[in-house]
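Both complexes shown next keep chain A, but they swap its partner, so chain B is in the first and chain C is in the second.
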Partner chain A sequence: MKEITSKLQEIATRLFNEGKIDVFLAWEKGEQEFQTKSYIAHSVDDVKNIIFNEYSIYNVSNALLKLRDGHEKIGIAVKGCDSRGVVRLLEDLQITRDRLYIIGIPCPGLKDPLAAARSFGGLGKKESDQGLAKKCLECIQPNPVIYDELVGPEQTPRQQGDRFAQVREIEQMSADERYKFWEDTLSTCIRCYACRQVCVACDCRTCIFDEMKPQWVGRETNTTDNMMYHLVKHAHMAGRCIECGECERVCPVGIPLMLLNRKLIKDVGELFGGTEAGLQYTEGAKPALSVFKENDPDNFQ
Partner chain B sequence: MSIATNQEWKPKIIVFTCNWCTYAGADMAGFNHFEYPADVRIIRTPCSGRFDPIWVMRALNRGADGVLLSGCHPGDCHYGTGNYYNRRRQTIMKNMMQFMGIEPERFQTSWISGSEANKFQAVMIKLVDDIRRVGPNRKLRDAR
Partner chain C sequence: MKVLSKTKLEAALNKLSESNEVFVPMQKKAQSGYYPWTSFVSGDEIMLEALNVYQSPKGAVLPQTEKMYQIKQGGMEIKIDKTFEDDHPTIIFGARGCDVKGILAMDEVFLTRGYEDSFYKARRSANTIIANACYEPGSNCFCNAMEVNAVDPAGADVILRDAGEAFVWEVKTEKGEAVTAIIADLLEEKEVQLPQSKPFNQKVDYSGVAEKLKTMFDHPLWDKLSASCINCGMCTFVCPSCYCFDIQVKMWGEEGYRFRAWDSCMFEEYSREAGGGNPRGASKERFRQRFLHKLEFFTERYGTPLCTGCGRCMIVCPTDVNIVRIIDAVKEAEVNA
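Up next is the complex of A and B:
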């Protein structure tokens, strides 16, 4: 981790001096030992704040959305999941490739800051041998899929077994059991929209949940409105979710949002085939629901 | 005078039709005096490519008991490709809603062309039968 930090700083300094970039996107140290934040370095003087440690779990590709309207050249440090986010934004034409200089970090697997905060606080328990974050244990793409420069040795995927196992389990239930399961799960949702804010696929300028006229989805935190919110949000994720697991990580009440995303990934894969969202970048490629084949499955009538 | 206490439940069913095929088919069904249940309300849209899954959810949320989307047969779209895009969207949405526990009968699809008045009648009768069988929509309905 220390080597990666120093290498990142070295590369950022070099790029600033060569005039290749105007800003550099990476992580900085947070208030606590176990926190990091996304960070935009504007000059060589800022480079010393850049850090990459075991809590640099935040998906920085999301921060590109703040810069999408400008013309500055951007250097960005990405892990495997972040690089898929960059591909997502390139596919959605939110940013152009020639503005980006991408530094890839093959990710060794990181720790969850929230779990660390829990082990730090309260009972005087210090950070023990805390394992990897859930999203890192389920990682299928630790190596960046798009980069100009690579820092560190390549890693192997950490996902063990069938990542759709839980989806299949729920599919086996009856309709009423499924409804009961989601009713229980989603009734805890406080509609903080953290999952939307952190999502790199949520790149609309005006979000449908912020619209007042017409107000498509009610704003109460009751079961039906919560279900509506999650149905509509995940309808927009179909064929676009990059499986970075950020939504589930930031959820303050622990809703298993990746379960819904995996259901979509599984269905899109089974029904329409093709590569999963953000796994490779080809110019002009479109997400699964923006294209069609004449022989798509038609057996739902 | 007394207030009727035993009001029979009548399903509310929304049918989104495309302007070019299914609406013409419905028109022809009326023209030929084909009878079908009066529980369906037809909303005309320009093309099945215009269908947004949120319409279905919103309809169920605001008190509909069932929704049918209907447009031209694949390959016959007036604009060429609208129903192909729609087909992918609604396949995914249907699976998603069933995954969340909504009965599959509530959200249906059928391709009906402008000359298929018979099919339109048959589909409407089957749709109303289906919804009557599964009963009132309580799952996604706004509880206020």
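Up next is the complex of A and C:
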């Protein structure tokens, strides 16, 4: 990974010097050994702070949202999952391809700095030694799907077995059992909206949950409002979730949010087929559920 | 000294729960926080020996969602049917000094300076705090720098001291006497060895920070510090002293109720004005507000910082925002006079 770091720094330096970019998005070292955070380098002097290590798990494509209204030319380092985020933003016309210079990093699988921080901080139960993060063990696309330059050797997907096994288990439940399962699971939500904030597919300028007139979802933390929040949020992700797993990783109360996302990925796949969200960029292409056709065979319900 | 043998802990919690709702630090599956003892089921764990739990006990006196009053509308008239000042007796069992300080800070806000919040007052008056003295600070702890005495926390009605086989039971106040009476037959007189206090790992110097921040509202350091923040509200919701709330109403036709729910300065909606403008529209501005409130404004008004040094926000933050480094950065910053 040291090699990748120096390669990234080399490329960023070159791009800054050639005047091809104004900023470079990547990661920098955090407070502790196990902490790495997203970073925006603004000049060649900042390049030395750029790092790629076993904790560079944060999906940096999310940081593009902070720059969507500007005109800067942006260099960005992306792993497989991050690159799918970039595709999503391109499809949603949140950023234009000509503003981006993308460095792809085939990802070997990373560790979760938050899990490490929990163990280190001594809150709650000690967690056992950190292997690869859950989201990395479930990864189907470690290699970047869009890039101008690639750094490092290709990797093989780490997802083993049936990716939808848990979804199928829940589908097998009776309606009452399933309701109970989600009621219990979502009752613990503290509505901090970290799952939304960290999500690159959540790129709406005004979020439905922030609207007051009308207020679509109540602010009480109870079963009704919590369910409404999660079901609506995740339904919005249908055909859009790039499976980066960040929502589930950052959740402070451990809600298995990827279960909801995978259910939708499975359904959208079965109903519409086609390529999964963000796996391939074709200019002008729209994901399922983003297009309206007058001759749609189904009624608008 | 009075001690409570650990073998009698569950009996004591059962006894106390007969007449009080007792909040105990517990691990419940993936979650850890203060939960009512009566909700304990097999598989749960009492976390008195852990450093702390994720969710602070502030919910015992300021629940995340709290019904305030019930309303009925008739034409132009509005009638308040019922108010919900809740004064059922509660005990926070085993709170660390940092978390007790969080509640003391809320006492200042809700009970002093000319206005008493009747909802908070009802809960707080009926609330007893049994603190758990802290002898071994964790890797993120810095309460010593934020005016907290971890071994002798101010505001505790009873202080527990973990002496291995038993907790020393040290009564501090009348409220403490009252809960002690409930479990008197479970306590023993015994001399036990108290643990030695271990040093703090974090070195934090808060002195002069509040004063210096007065001149730093427009300092460029906020751009840099806030760069990675994504404005979720996790830090504010796990914080033992963040008390901001929003009051809203739910109506069905002509009936409904008003409630308040925790809110977060990290949210855009929090500072949005009725006309649509927002004085803190940008991410940096909301970020700055949080830290100025913790480190400057509260100190100016109440003479003590609003951060209690529990370290939770540094653990949960998905983008590694670190309040200790912010204090350092403020200390080191150059300010043009």
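Assume the second predicted complex is superposed on the first by the 280 of 301 C-alpha atoms of A that agree within 3 Å, B and C clash if a C-alpha of one lies under 4 Å from a C-alpha of the other, contacts with A are read in each partner's own complex, and residues count from 1 in each chain.
Following the convention adopted for this analysis, contacts are C-beta pairs under 8 Å (C-beta built on N, C-alpha and C of every residue); 3 or more make two chains touch, one makes a residue touch a chain.
Please read these numbers as outputs of a predicted model, since none were measured by experiment.
After alignment on the shared chain A, the placement of chain B and chain C results in a side-by-side fit free of clashes. Contact with neither chain B nor chain C is seen for A:Q155 once the two complexes are overlaid on the shared chain.
By the document's definition of touching, of the two partners only chain B reaches A:E177; chain C does not. Once chain A of one complex is fitted onto chain A of the other, the partner contacts of A:T13 are absent, as it touches neither chain B nor chain C.
Once chain A of one complex is fitted onto chain A of the other, the partner contacts of A:P113 are limited to chain C, with no touch recorded for chain B. When the two structures are aligned on the shared chain, A:V253 is found in touch with chain C, with no touch to chain B. By the touch criterion defined above, A:V232 lies against chain B but remains apart from chain C after alignment on the C-alpha atoms of chain A. In the superposition on chain A, A:G218 makes contact with both chain B and chain C. By the touch criterion defined above, A:S187 lies against neither chain B nor chain C after alignment on the C-alpha atoms of chain A.
Of the two partner chains, neither chain B nor chain C is touched by A:Q166. Chain B and chain C never share a C-alpha pair closer than 7 Å once the two structures are laid over each other.
Common to the chain B-facing and chain C-facing surfaces of chain A are residues 218, 220, 222. Within the complex, the chain B residues that touch chain A are 53-54, 57-58, 61, 74-75, 81, 84-85, 87-104, 108-111, 139-144.
Residues of chain A that touch chain B in their complex: 170-171, 175-183, 208, 216, 218, 220, 222-225, 227-228, 230-232, 234-235, 238-239, 260, 263-264, 267-268, 271-272, 288-290, 292-294, 296-298, 300-301.
Here chain A touches chain C in the complex through residues 30-31, 35-40, 58, 62, 66, 113-114, 117-118, 120-125, 188, 190-194, 196-198, 210, 212, 215, 218-222, 246, 249-250, 252-254, going by the rule given at the top.
Of all residues in chain C, only 27, 29-32, 45, 47, 50-55, 64-65, 138-140, 227-228, 230-234, 236-238, 246, 248, 250, 259, 261-264, 267-269, 272, 283, 311-312, 314-316, 318-320, 322, 325 touch chain A in the complex they form.
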